[in-house]
């Protein structure tokens, strides 16, 4: 749309929104947020990018085709759910690992649940962007 | 509280249905949005309402100290919102495609798949 | 350099957002900020960041005052039964070299109640501003040049 | 394809055809011999049974019951099958689809044998329908002809409709008896006849058999079925399949017979059929059609006799089945030969062929004499027995005898016509080059006619071995049947003489009579064939009208019907349950909650009433904010955030597409639609009331407390909603993401495809 | 203690006052440019004051950080949106109040069939 | 166990996503898709074998005990539906190789197809009401994409109606499920049974039953909710129609059977009456609609509706025999109907059109296709000794045993009218000479295409014939299924008693 | 302070919150009025924009009134993305006119009534 104001603001906003999206993703398990909300926010960042700088630029910055991103996200979610197989548990069973845990604090949690949420995040970003690009460009 | 939501859902349903019955596909789409929101609110009300206590467990506790809002309907609504988003977006694309291909958004004149003669001699 | 600073800034905001000042969290914020920056449309090249911080604070205070004052003025205008305003569209030439400066300036103008940037000239050397409480356009241009524009230049030069 | 190849290379093709015919011929031949070998046993022991399990859970087994009745029919089927196969091999020599013909014929033959030998009602029905299918294929054998296709369809539908009735009847019968096993069923006559369902069972079964055996008014398909090749007509539509109905009537005689309903139905329908068909037969100028109608006469006669419980009448029927099969098959073959050799079977263009087709003539004469009931042919015995049987029928001997005499007289006339008209008189110029048929064609009619003579001279050959066991089986009690050529001068003989005289008179005065009959026939409102067409047209019209009414292609009417039906049923249920009179308490809401509700409601109303799509879109945006506020008020921040984000992104998507849609023109403006508004109100109130009905109930949920207890302790998360989404019910979330993904890729492939050819927009630009 | 209470109350009331005037401006102003001038910024001001109230109330670094973040985000986004829509209205010649003084019009000449 | 039960949807999801990723490389995508179909058939066969041996299989997703997590349950009904889905999936998957053009494959046909199968299988394995909704949506959105894939004008037109009416069903279903939760506080089907039984019959239960009948009735194309089906089933490529015809509406019927045997109490008489009336009208309107059509696929489409009536009738009568009949009919119908559509595609390829007036000569051109059609069509019309006969016999017997003579009459008349339509197709497309020259011989299609078209049809016809000639195993299975459905105690025990691993 | 709020022991704040609630709701209603009246799409979009910002304010107010910071998250999310709608519609407004839809009356291109 070629507005220097929009473009200028976007320089900072895109980074901020992306950052915020990761924040929402990571805290989702304990506070409002989660993969889906975060994915929508991240998609909003790229949509903003595209509105300000054009579709081509936004696509270029994304580096992968959004549909692929979506498929990869869904596969990641499936893989995260399938990790339970390694422990001989049913699909989508949460596996938790607490790094540096002590008597009082559990330490930093690493889990396939977060991986699952990340898959959701990527799938949502990819899907929403696919939709946006196709509706905008066709 | 739920009673009010029930009435609201009914009203949204009514307006949504009225819109969906219009010949213009965009209006159908708007009606769908209304109906979809109404369905979500219905789920919300069905799980019964709790004022202003989100289903979060505060730090340091293992269970919520006070009665919190019912979490399961919220999860259901989240899923439904997302699914609704996908369906609505696809429908939007279809409407666009429809206008591009058929040159109209008036569903009364969309008779390509079921031409007036197909059911007999119109 | 500028990017690096920005990255640090992002890492700090991350720590603030998450409310966790640990080194690990800061590093995580740095990494996430790095990725976010890599994806965002930033220009390269850098300037000294710390030199401008006090100026920026000054600008902020100046702006907040403007904001409150004009906010009150618009509120009065809105509430009063008679219309006292005289809307105008004024062309404001700017002597800012960088687009970022134009951006900041126009953001500040737009944020101020009663003024609104309608358009930017193609070469970014003039703004078209819609104003409501300006009696004399020349005075408005002067005030802007010596007020906001100067401060913006000081911050971003 | 096979056939085409064969026409090109004639000689080897012919050889392989002959080989094929021989192979096919082996089937009925072996079957006949095998069946013959059972004759003695059956006469001794009454019946033989073979049982194979098939569908025990439904009480259906692959049982075969060989008793006098089934053996008689089975022998006829396989025996005549031999001749027909032989005949067909010559008749269809060089035909492209001979192999398919034989396949259908064998299918038919097996079906027919299965039908008459089946020892289980359902198994019997299975074979019954197999014969229907085979008949359909054979009638439509000349598939490129519209007439053949129509005739095939007609035969199929009429017999299949009958079949459905039969199925219902048989199932009911099985239910009443408690078994589908034929032997069991046959022994339960008393129970069946006294059961309340006897009437329906009888009517249903008889409808099936009448359709199959071409009883008036369901007879019309049979003459049309003459579109089939002559071997088929000879076999199916005269000698065997049409007698399947007769077989079944006879078969179920011990169970369903012995009542007034049975007697009157069969007698009246049979007599009516015989008389009407006789009249119709005489009107025909096409030899094959004339024969076809006499088949209907014969079937009517048989039905009539089966109504009786007198053993003489049954013996007459059984004998007549034999007689009729022999002469009718022979005569069909003769007509086929005439058609084949002379190229026509129109009476008007035939004559004087006796010199040209002497052997054919002999066969025709022999068969014709049997048909007319001259001694010493089996036909004579049959006719005498018929009159004896008619007179033995207790209730209405005169009616039956009268009908029999009338029908037989007409048979005499038709026989004379068929035998004399083509062969005597002046040979038309066009037929000078007619040559005698090949032995393959002649063997069948000659042998069949010869059998008629042989059994006439020596009736003992069939009396005790075939007819008597058959009668025993039909009546369900041991009977003795003696067949004699000469009974002395008695009432039946007198009737025979009358018949012959009457027949001769009719034959001689045929032309005059034909006009009388024509007038007579015109008195009947329409021919059944015509009615069939009318019924079919009416049905098609009905189908079209109802489809046009329901499936009209207008989307919003579809939607209206869907909404209306759900809403009306729902409201009805709610009203029944007293929800309409349910007391409502005023909701205790705070100001801000009211405000959010009002906001949402206003948004909905604006979205509905605003004429322009753009205004509606903005209203929906506002409504979304209101809904998000409601979610926030009642402790659902995750939902609220998602709602806001989704709303925002959807509006962005809409905004991105709007410029391609006609949102600025006035075309979409529509007025108020009162009916739609009414419907919308109905739906809305139905939903509201349903919700109220549900919300009125107390709510307890074990899952709720489980999630609250387990979120932190077992799933290590403090946001219970998120824990549900990614852990407790992760599968839902996974599915939901798939929906969005497919929606996106689907939209991309829908919109991205035209501009970029094969490439979809979603992944088209690689960095 | 009471100072905080009064401060928060003042912030709440001031904020909502500006929010109200913002909406009132939206309704009362005669053309879209004046509506935007009086509404968006005032609404931002309203948010700013209320968020400041939140920060003061909670006195928690995390909450304060988020409140500040929200204010910053608003300061970044609101003028951009306002500018974009104003520009669109301006470029598409959305009608101005008749008393507006149009000093210099950068837009191409309006087509003849206007009206 | 958890893995075995999750595989029916995980496999097609994985192959679908991979096929999406590889969609520009059509060869690879085809390979992935076919492999997926093959594996799916194996897995479903394995599940089927296990279930028929040891009764309902249960798996708790996420290792959370029922009713808190999502439970997968495969009882006999689910197992047979899964198996037939695997079969149809493989047959259509192979057929699609010949039928779907390159352009559509590049647009992602294989991926959508696999995800459709995933949705169908997911619906069959889940033991959770809301999860059922999710799988329905997966299925629905994949069907949307498939229906309009290629974007021809007619497709878009039909697609609009399909989408518009199906979305109503989705929203109805969602509302109904939400309210069911509101009434019972649970979503697990087995738990729902207990909760609703504890409530007793109330107006709320009745109203929810109506809502669910509405929602599933639209999916199942029940009268008067079926309009979307004839409006759209003739517009996509025939492979798509085939898999739709075989599976989609049947999932709706499955859901009806599941809810009205498991969730709602058995004495919900008004619902059964409602279903009965709807079923009868469905049968009649569908078959009349077919009689009015002169387009191969539209005839078949209307027959789908009529046959849905048979299935729902089995449920409405609610006797062991009737339910067994419904189950048997469902399997028979899926196989025969899918096959008929596949054959219609091949006929169109040979004769050039779906319009009966414009085609003909296939009987002469290809005895094989003629035989395949004949068997499938007459099986559909209920002719013995083909599978349709036993289905019809079961239902007729069931209705007569209930003394529902009208029902039996409608059943039989519908059968006859089906015959009318089938013989119409036979006479026009097969017997009649081609009005414009002649139909292509099968051999003219080229080796791979010939195989890809014939082998699936042949496979399905063999199933039809086998089911007809030796129906005993399936009938026994169907009766066991019916018993299991009418006595859900075993199912409930299996679900609620199973503790996580 | 927070406990005071949560336990409802501050009549001053409760009163202030109540008044503020009223004012903001009134404001939302006014936005709605503009939204409905238009007349141009730009007017509606501006109204929607203000409505969104006021919703952010309302979230803040909720956070104060309930003493729960979670409402802040909704506020941030809304603040970050709501203006996208405005930008997108601005995009549309410019595009739809500049692309010259023939039936469009330029001066009041998107006047709906």
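Letters A, B, C, D, E, F and G name the chains as they come in the text, with residue numbers starting at 1 for each one.
The definition used in the following text is that a residue touches a chain if its C-beta (ideal position, glycine included) is under 8 Å from a C-beta of that chain, and two chains touch if they have at least 3 such contacts.
Being a predicted model, the structure only gives us computed values, none of them experimental.
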Problem set entry | Neighbouring chains shared between chain C and chain D, ordered by label | A
Problem set entry | Topological distance between chain B and chain C, in contact steps | 2
For this session: Starting from the Cα centroid of chain D, hunt down the chain whose centroid lies farthest away.
Result: C
Exercise. For the chain pairs A-C and A-D, which is connected through the larger number of C-beta pairs in contact?
Worked result: A-D
Seminar exercise, completed: One chain's C-alpha mean falls closest to the whole-protein C-alpha mean, and that chain is F
Problem set entry | Mean-CA-position distance for chain F and chain C (Å) | 62
Exercise. Between chain F and chain G, what is the separation of their C-alpha centroids in Å?
Worked result: 48
Problem set entry | Cα-centroid distance, chain B relative to chain E, in whole angstrom | 31
Exercise. Counting in whole Å, what is the centre-to-centre distance of chain B and chain F, each centre being its mean C-alpha position?
Worked result: 27
Seminar exercise, completed: Multi-chain touching residues of chain D, meaning two or more other chains, are 544, 547-548, 551, 553, 555, 559, 563, 633, 637-638, 641-642, 645-646, 648-649, 652-653, 656-657, 687, 689, 691, 694-695, 699, 701, 703-704, 707, 718-719, 721, 725, 727-733, 736-747, 750-751, 754, 760, 763
Exercise. In chain B, which residues are in touch with two or more of the other chains?
Worked result: 20, 28, 38, 40, 42, 45-48, 52, 54, 56, 72, 76, 78-79, 82-83, 86-87, 89-90, 92-97, 107, 110-111, 113-114, 118-120
Seminar exercise, completed: Each of the following residues of chain F touches two or more other chains, namely 13, 20, 61-62, 130, 134, 137, 141, 144-145, 148, 151, 160-161, 164, 168, 175, 179, 181-183, 187, 230-231, 292-293
Exercise. Got a list of which chains touch which?
Worked result: A-B, A-C, A-D, A-E, A-F, A-G, B-D, B-F, B-G, C-E, D-F, D-G, E-G
Exercise. Of all residues in chain E, which touch chain G in the complex?
Worked result: 1, 4-6, 8-9, 12-13, 15-17, 19-20, 22-24, 26-27, 32, 35-36, 39-40, 43-44, 46-47, 50-51, 53-54, 57-60, 62-63, 66-67, 69-70, 73-74, 77-78, 80-82, 84-85, 87-89, 91-95, 110-111, 113-115
For this session: Would you tell me which residues of chain G are touching chain B in their complex?
Result: 62, 66, 68, 70
Problem set entry | chain F residues touching chain A - in the complex, by the definition given at the top | 1-3, 6, 10, 13-14, 17-18, 20-21, 59-63, 500-501
Exercise. Okay, in this complex, where on chain A does chain G touch?
Worked result: 1, 6, 13, 16-17, 20, 24, 31-33, 37, 40-41, 44, 47-48, 51
Problem set entry | chain B residues within the chain F interface of the complex | 20, 25, 28, 32, 35-36, 38-40, 42-43, 45-48, 72-73, 76, 79-80, 83, 86-87, 90-91, 94-95, 97-98, 101-102, 107, 110-114, 118-120
